[in-house]
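One chain, chain A, appears in both complexes that follow, with chain B as partner in the first and chain C in the second.
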Partner chain A sequence: MLHVPGYYEYCCRVKVVAGHDVLERIPAILERVHATRPMIVTDRGVAGAGLIDVMTEAMGDQVTIGGIEDDVPPDSSIEAVRRIAEAYRNNRCDALIAVGGGSVLDTAKGANIMVSEETDDLMAFSGVGTLKRRLKPLIAIPTTAGTGSETTLVAVIKDHERHQKMPFISYFLLPDAALLDSRMTLTLPPAITAATGMDALTHAVEAYTCLAKNPLSDANAVSAIELIAKHLLPVMKQPEDRDGRLALAVAATLAGMAFSNAMVGMVHNIGHATGAVCGVPHGTCMAILLPYGLEYNQHRNGHLTAELLLPLEGADTYARTPRNQRAQRVIARVREMNQSLHDITQGQHPRCLRETYDRDGNAAVPFERLPDIVAAAKNDPAVFLNPEDLDDEDYRMVLEHAWAGTPLDCTRIKRG
Partner chain B sequence: MIPIPAFFEFECPVKTHCGHRALDHMPFELRAMDVAKPLLIGDVPASHAKRWRPVVNAFRDSQMTIGVVEEIPTDDPQAIVRQLAAIYRDKDCDAIVAVGQGPFIDMAKWLNLVVSTGEETLDAITSGQAIPRTIKPLAVIPSAAADGYEVSGLLRTGNEAVASVNLMPQLIFIDPRSVGQPDDIAMAETALMALTHGVETFFRSDANPMTAVYARTATRLALDALHQLSGIGERGSDLAWTVAQAAALGGCALGCGPCSTTHAIGQAIAAGGKISAAQAAGVVLSYALEHRAIANNLDNDALWGLLCDGDHYARTPDSQRGSAAFYFLRSLLNDLFDRTDGQIRRTLQDAGLTREELQDVTVLPDPLAEEGDTGDYATIMAHAWDGRPLR
Partner chain C sequence: MRMELVYREISPGRSYLKRAYLSINLWFMGRAIQAAARVDDQVRREFRSLPDKFTFALGIMPEGPHFIVQKSGVDSARYIGRCIDAQPVDLKMEFKHLEAGMLTFTFRENTPVATARDRLVVDGEVAYACSVVRILDIVQIYLLPKLVARLAVKRYPRWPLGRKLINRTRIYWRSLIGY
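After this line comes the complex of A and B, so read on.
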C-alpha cells in the first residue's frame, strides 16, 4: 500500500557497486576519483580472515597501496583516528578504503576529516553541517551483510579523555562508493551471518512499521525483506552460495537506505541498551527482540506488519491467510526464522536473552540486569519514533518475555 | 522480484524534500552544500502558474543573498544560456535553483555545465570527457506539469543529448505551494509519462533492486494520481502534489540510463503533431509490454506486482497476472477517456491518426536508446492504433 506522509525527506546519495567481481574494479573506481595511493583501514578480525589479501590480490599491481592500518578497535576512538591520519600523511596517501563494519568506517571517516581539512583538532568538526566541502575519496567495503553503515552520513567517534561520544553528521561524510562483493561475506561464520541478517531484517521491518516511513523507504524495506526471506536460510545451509551472499549484501544496503531515511523504533531502542549494558552483539539483540517489538506495537501498526507477510512468505501464503491473521503470521514467521537459525548453528544463535553467553560461557544477560537495561533504554533516542510509548513497567515486561522466550501477553500492553 | 544482476552500479545524488512547507528547508540545505548565493531562474509558465513566488519567498528570512531572473523564454537555448551565465558570473552566484518544466530545466542543466566548466557549447563541454562530479549544486522545484526528464540525468537540446548522473539535481523540493495547479489533462499527461518512466525503468536492462525503489514508487504515485483523475479513486486536495512527486521520482528512476521502446515510439508519433508524447507513450505502453511478454522477455508476475497492491496481486492466479496487467493498463485509459470527454486518448485512432499516417512514422533510434532495442515497432503501433490486444 502507498503511504505518503505530509512531509518527508529521502536521500541515498552513496554510489553502490555490487557484484561478484567488484574488487577487480577497485583500480578503475579509484581512477574515477583521481586517486592513486589508497590507505586501507580495517580491523584485526577482517585482516585475520584473509579478506585484505583477497582484496589486494584482486586489485593486482594496478594500484599502489599507501598503507594498511589493521588495528581499528571495536569502538572507534579518537586515538585510532589520529594514528590513521598520521599514517595517511606520512605515506602520502590520497584516498581511504574502509574494509569492515561500522567502527572501521567511522574511524576512516574521522581520519578523512583530519587529512582533508589538514587539522589536528578533529572535534572542531563535530556536530551537524560543520563540514563545508568534499573530503578525500573514501570507499566503503562492508564485510558483514547487516549494519548498512555504508549508507549513513554519520560518524560517531569516542573521546575517551572526555568520556564522550562525538557525532559528526554531514553529506560530505558519505562514502564515495560502497562496494558489495560476494567474496567479502563468503567466509562469514554462521552465527554472524544469522545475527547480521536479522539486523538487516530489523532495519527494514522497523523502517516500514514505525513513524517516519515514506514511500521510498517503504520500497527499500519491502525489497530488503523479500531478499532476506528468500536467501538467509539457504545461505546458512550453504555458506558458499555466492548469489545468495550477494543478495544478502544488497538487502543489507537496501535496509540501510530504508532506516537511514525512516529511522527505527523500540527493537533498536531496547537492543542498544542491551548491547551497552550486557555486551550482547547488536544483531543478536535484534533477532531476539524483533518479534516483541512487532507484538508490542501491533494494536497501532498491525495493518503495516500484516502487509509484510507478502515479501516474507510470498503471494500464496498471503492470499490464503485471512486479513486479520496476517500480522500474527509475520510475528510467528520471525520466530520460526530464529528457531531455524538456532537449529542450523547448533544453538549458537540464541532465541531469547536467557540463551546469550559471553566469551567465558557465562550468561550474558543475568535476569538481575534487566532493570539496568530499562534504565539505559529510557535515554536512547531510538524510542521517539516507536508507534507506542513505553514506560518502565512496559520495558520491564518486554524484557522479561524476551529473556524467557515467551510471547507477550497482549492483555498487559497499555494503549496510548 | 527482479533478479539481482551479477554486477550492477547504482547512484542517485538527488535529495528529496517532499510535502508541507518543503521549500522552507531550501536555504538550510543549500548552505549545507556550501552555497552562499544561489541564482533563482524561472520560466514563463512558472510565473503564470504562481509557482515562482513561493520559491522566492522561501528565502525571505534566510539572510541569504539571491540572484533572480524570471519569465525566461526557451526559444533560443544557446543564447539564453550565454546570457544567464553572464548574470551568474556577474552576480557571483554559486548554485542554481530552477523553477520550470521540460526544456527549461534542460537549459538549467546546460547553464550549470557552462558556469561549472567555463565551456559554452555542449560539444566543447562533453568532448572526450565525462561530466565532472564537481559541477555546482542544482536545485529543481518539480511541477505537476512536467515531461518527466527534469529530475533525470538527461539533457536534451535540439538534436543533442547528454547523459550523466552528475547532471541530476542534488536537491528537489516538492512543495504543494510550488507544484502549480495545472488542468486535469496536463496532470494526466504528466502522470502517464511518470507511469511509463516507472514501469519501463523497472524492466530496463540495467535495472537493479535500487533503481527499482524509485521505479516502483514513481509507478505507485502515478497510478494513484491517474485513479483520482479517472474518477475511480476519490479525489484528494493534494492531487497536483502527488502528480509532481510521480514525475520527479520517475526522473530519479530514469537516472542517466537508456531510453526505452515506449519512449522512442511515443516521441516518433508525437512528432506528427496529433498527440502529445506523454499520451502517445501512455497508449503504447501496454502494447510494448505485451509484445515483450510474448517474446518471453518480461516477468508477468513482477509487472502485476508493480501495478497493483498486495491483496490484488496475491489473489490473482499466476497464469492470469500478465493478462490482468495489460487489461488493467487499458481500462485505466478507457476510464480516463470517459472522464475527460475523450481528451485523453485510448488509442492512436482516437487521436485522429490514420493507418496511412502511422505507416509513415519512422521511429528514429534515440541517441540514448537501449542497446539491442531493434523492436518490432510496426506491430506495437498497429495494435496501439485500434486497441487490439496482441493475443
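After this line comes the complex of A and C, so read on.
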C-alpha cells in the first residue's frame, strides 16, 4: 500500500548517463555545458588503480584537460579545497570532473564554490541557502557503488582549525551530470564492493521505512533494492561481471535519489556515531546495523519492512511467506546477505562490531567504547526521522547486540 | 468566475487570532522550559551539555511570535523574552509560516511529522538542536495531558508516577509565576 503524505517535497535534477561506454561521451557532455578545459579531481586510490588513465584514453584528444589533482584526503578538508581552487584558477579551467567517492565529490563541490563565487573565504558560504546562483559545471563519476552522493545537494567539509565539519546545502551543488560507467567499479576490491553495496541497500531501506517516505522516493527505493538483491552476491563471486557492476552502480544512484529526498533513520544515526568514534568505514557500519534498525522499529513500521520482501526475494517467496512473517523474513535475509558476504570475502566483511578491526589489526570497536558511541549518536540529527525514539538505554541495548552479533530481544524494546 | 474562487480569501481577523494563540503557547512554553530546568533532572542534564550562555529561540517565520531561552549557570535556564532581534541567538528553530506552526500547536502534526514535512528551518549547530528537541519533548510531556502528549511526541515515556505528578504541578506553578 502506497503511503501518500499530506505534504512532501521531492527534487532530483541530475542528468544520469549509464552504460558500458559512457566515458567516451564526456566530450559531448562537456560541450553541452559549454566547457572546454575541465579539471579532474580525484584521490590517490582511484588514480593508482589506473582509472584516470582509462578515462583520459576514452575521452581521446577531443578535450584539453586543464589539470589533474589526485591527492584529495579521505576526509574532505578545507586545505584540499583551497589547493584545488588555486590550481583551477592558475590553469584557467572552466569545469570540474570529480572521479571518486563521497569525499572527492564534496571537495570538488567546495572548490567549485570558491572558483564560482571568486572568494577565498569558503566558510562564508556554509549552511543553507547562502549560494544564490549557478556554479561552474560539475560532472560526477562515482567509483564506488554505494554513497549515492552524486545525487545529493550537500557537501561536508572539515575545518581543521575550528575542529568542525561544515555543511553546505544548496541545489546549486547538485552535479550537472552523473556518469555511471561499469569500467569505473570493475576493479573495486571485494570487501569494498560488499560494504558500499550494503550502504546503498541501507539508503533504500531506510528511505522506504522511515518517516519522510513518499511515493516518488519509494519508487526509487524499491528499484534499488531489487537491483542490489539480484546483483550484489553474483558480482562478489564474479567481480568482472560488467552488467552486474553497472546494475549496482545504477542501484546506488537510485538509492541516493531515494534517501536524499526521504532521508534516513537510526541505522545511519548509530552508524555515523560509530564511524566518528571508532573509525569504522561507513558501509561496514551500515551492513552490521541494518538488521537491528529494522528489528527495533518493527512495531512501528513492520508493515513497510514486510513489503520489501517482494523486491528482495521475488514474487514466489513473497507469496509463499505468510503476511505476518514477511518483516521477519526481510530481517533474516539481510543477515543472510551479511553471512554470504563474510564467507565470500573470507571474513573481511564483518557480521558484527566485535569483528571489525583497524589497520593494525586491533579491535576497532572495543566494548568499552560503546558509551562514547551512544553520546555521539545523541547529537546526530539522523534520528529525527526514525519511526521510534531512542534514549541512552535503547542505544546501549542496540549497540550491545550489534557488537556481539545477537538478534535484539524484542521484549526489551520500549513501546511507550 | 468570481474572484473568491480564483484567489483564496485572506482573512486578517483569523490570522490575528492564530498569532495570539501561538504567542500565548510559545510564551508559556518558554517559561515552562525555565521551570523544567529547575525541577527535572533530565532537562538539567541536557542544559549541562550545552555551552555557557547558550541561547535558543523557537518561533514562527516571518516576524511571527517567538520565545528565547538562555542557559544560565551550570544547568539551569532563563526565559529571556519574545523579541529575537534584541540579542544574538545560537540556535533558531522556526516554522516556515503561521499555518505550519498552527498544525503543530493544535496537535494535528507531531514534531517528527513536522520534520518529515520540512516545516521547520533550523539555523545553528545541529548537535545542539538535538538537545533542544529532547528538552522540548520533555516539557511537552509535562504540560500536556497524556492523550494529547501522545500525539505530540514520538514515544510517550513511562516515568515513575512521582516524576510526572509532582513535577508537573511544580512546573505549572513556576511557569505561571515565572520563577
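By our rule, the second predicted complex is superposed on the first by the 416 of 416 C-alpha atoms of A that agree within 3 Å, B and C clash if a C-alpha of one lies under 4 Å from a C-alpha of the other, contacts with A are read in each partner's own complex, and residues count from 1 in each chain.
Throughout what follows, a residue touches a chain if its C-beta (ideal position, glycine included) is under 8 Å from a C-beta of that chain, and two chains touch if they have at least 3 such contacts.
Every value quoted in this text rests on a predicted model; they were computed, and no experiment measured them.
Enquirer: So, does A:N379 touch the first partner chain B, the second partner chain C, both, or neither?
Expert: The second partner, chain C, only.
Enquirer: Taking the superposition as given, does A:V250 touch the first partner, chain B, the second, chain C, both, or neither?
Expert: In the superposition, A:V250 contacts chain B only.
Enquirer: Who contacts more of chain A, chain B or chain C?
Expert: Tallying touched residues of chain A, the top partner is B.
Enquirer: Once chain A of both complexes is superposed, is A:A315 in touch with chain B (first), chain C (second), both, or neither?
Expert: The first partner, chain B, only.
Enquirer: Given the touch rule stated above, what does A:Y7 touch, chain B (first), chain C (second), both, or neither?
Expert: After superposing on A, A:Y7 lies in contact with both chain B and chain C.
Enquirer: Considering only touches as defined above, state whether A:K414 meets chain B (first), chain C (second), both or neither.
Expert: second
Enquirer: Do chain B and chain C touch any of the same residues on chain A, and if so, which?
Expert: 5-9
Enquirer: Could you please specify the touching residues of chain A with respect to chain B in the complex?
Expert: Touch residues, chain A against chain B: 1-2, 4-22, 129, 132-134, 170-171, 214-216, 218-220, 223, 226-227, 230, 243, 246-247, 250, 253-254, 257, 307, 310, 315-316, 318-319.
Enquirer: Hey, which residues of chain C end up touching chain A in the complex?
Expert: Counting only chain C, the residues touching chain A are 112-113, 115-118, 121, 123, 126-127, 129-131, 133-134, 150, 153-158.
Enquirer: Write out the stretch or stretches of chain B touching chain A in their complex.
Expert: So the residues of chain B touching chain A come out as 1, 4-22, 25, 31-34, 134, 208-210, 212-214, 216-217, 220-221, 224, 242, 245, 249, 309-310, 313-315.
Enquirer: Which of the residues in chain A come into contact with chain C in the complex?
Expert: 5-9, 127-128, 211-212, 263, 378-381, 383-385, 387-389, 391, 414-416
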